[in-house]
Amino acid sequence: MTEDSGMRILFFAQLKDATGREEIRWPETGPLTAADIWARLEREWPAVTVHRRTTRLARNGEYARPDEVFLAGDEVALIPPVSGG
Amino acid sequence: MTEDSGMRILFFAQLKDATGREEIRWPETGPLTAADIWARLEREWPAVTVHRRTTRLARNGEYARPDEVFLAGDEVALIPPVSGG
Amino acid sequence: MRIEAQLTTERIVPPNISGLGPDGGIGALAEFSGVVRGEEDGRTITALEYEAYHGMALAVMRKLLEQLGQHHPCTGVWVIHRVGVVPVGEAAIWIGVAASHRREAFALLAEFMDQLKQDVPIWKRRALFAPATDTAAGPTP
Amino acid sequence: MRIEAQLTTERIVPPNISGLGPDGGIGALAEFSGVVRGEEDGRTITALEYEAYHGMALAVMRKLLEQLGQHHPCTGVWVIHRVGVVPVGEAAIWIGVAASHRREAFALLAEFMDQLKQDVPIWKRRALFAPATDTAAGPTP
C-alpha cells in the first residue's frame, strides 16, 4: 500500500481549536460522503458539531459539491468561514 | 487706478488656439454679463463662436452661474471641455 | 491576463507593477493595501495572526482572478497575502492591477476583495493585545 | 479628512501614504495611476501634453475631494496631476487614499476620477507622434 491509500483530514481555525489537531489520517478508508466524514469527526470530537452548519468541506483543494464522494488518497479540509484580507 | 480696474480674460486649450492668445486685459470695463463677454470676444475672434456652446466661464477660479455678473478686477477664464487624468 | 498570487510570512513589499507592458497599452494601475487596524471588536490590539490553507488559498485566488478577468479584462494582477503575525499598521494584503482602462481595474480590485472574504481559505486566527495599561503605569501608591 | 493636491511638470513620484495614522486607524490604502497609453485615436503616440488652469484646477480638486469626503469618509487623500509633456508609460495622474475601510476608499477614488474628467480645468492639449517609420528605415534604394 502507498501512503495514498488513506485519507488526510486538515483542520483550520476554529476546527483546529475544536479538535486540537492540524491534521489526521484515516488509513484504509473506503469512499465516504460528507455525512460519513462529519459522523466520524463528531464521534471523536463532539466539539466540532457546533461548526458543522457553517463549515465547508474541500476535496483536494477545491470546495466539495454536496454530493461529492471522498476517496482514499484524498486530502480533505474543513473550511470554517474565512476572514482574510 | 490700480491694475485691478481692468478685467483679465484667460484662454485655454481650443480657445487659446482660436484666439492665438493666452491672456488679454480689458481695461476700465464696467459690469458685464456672460453674453456681453461672448459678444466682445466673438467680435474680435469669430473663431471662438464654435466653442461657445461647450465652453464654460469661470470667475475668479470658480465656475460662473448663468446669471453671474463679471466686474472690474475679475479674472475670467474660458473653460472648454476638460480632459485631465 | 497575467496572474500572480503569493503568500508570505514576511512584511509585504509591493512590486513595481508600472514596469510592465512595454507596448504602452497600460493606462491604469490600481493598488490596494489592506492594513491591520489598531482595534478589533472595540479592543486595542497590537497585531493580528493570519492562518491559511496555502495550496487551496492560492488556487482559489487564481481561479477567482481568472473569472473576474473574463468580466473585467485587465493586463495583469498581482496579489500578496501575508500570513502569521501581522503588526498593526502593516499590510495583511496587497493587490496591484494593471489595465488599459481604469474602470476594469477598479471593478476587478473591488470584486476580488469582496470575494476573497467569502471563498479564499485564509483566517484571522487571533488578535494580539498589548499589556494592560495600568500595569504600564505602575502600581498605585 | 486631510487633502493634498498638487500639479507638477516633473515625473510623478508617489509619496508613501502608509506612514500616516500613527493611531492605527487606517485599514485601507488605495492608489491609482493614470498612465499615458501609446495610442490616441488609433495612432501611435510618444507622449501627451497637458495644460492646466493651475489655481482653479487645484481649487476645484480640493473642493471636489471635500464634497466626496462627506459621502465617503476617509482619513486622507493625495492627488498629483502632471502637466506639460508626459511620455507614454508615465503617469499623468496619481491618487492615494487612506481610510478606515476599503469601500470608502474605493468609492472616493472612483468618483473623483469620474468627476475630474468633468470639472477640473486640465486638458490633454495635444499628442506627440513618433517620426514616420519609413523615415526611420532610411531612403529606399
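Per-chain numbering from 1; labels A, B, C and D assigned in written order.
Just so it is clear, a contact is a pair of C-beta atoms (placed from the backbone, for glycine too) under 8 Å apart; a residue touches a chain by one contact, two chains touch by 3 or more.
If you're wondering where the values come from, they're calculated on a predicted model, not measured in any experiment.
Path length between chain A and chain D in the touching-chain graph (shortest route): 2. Put simply, the C-alpha centre of chain B and that of chain D have 27 angstrom between them.
Averaged C-alpha coordinates give centres for chain C and chain D that are 23 Å from one another.
If you average the CA atoms of chain A and of chain B, the two centres end up 73 Å from each other.
Looking at chain C, one finds that residues 34, 113 touch two or more other chains. In chain A, no residue reaches two or more other chains under the touch definition.
Chain pairs that touch, as defined above: A-C, B-D, C-D. Against chain A, the residues of chain C that register as touching in their complex are 34, 50-53, 55-57, 59, 81, 92-93, 113, 116-125.
Per the touch definition, chain D reaches chain C in the complex via residues 18, 21-39, 88-89, 91, 100, 102, 105-106, 109-110, 113. Chain A contributes residues 10, 12-13, 16, 58, 61-63, 77, 79-80, 82-85 to its touches with chain C in the complex.
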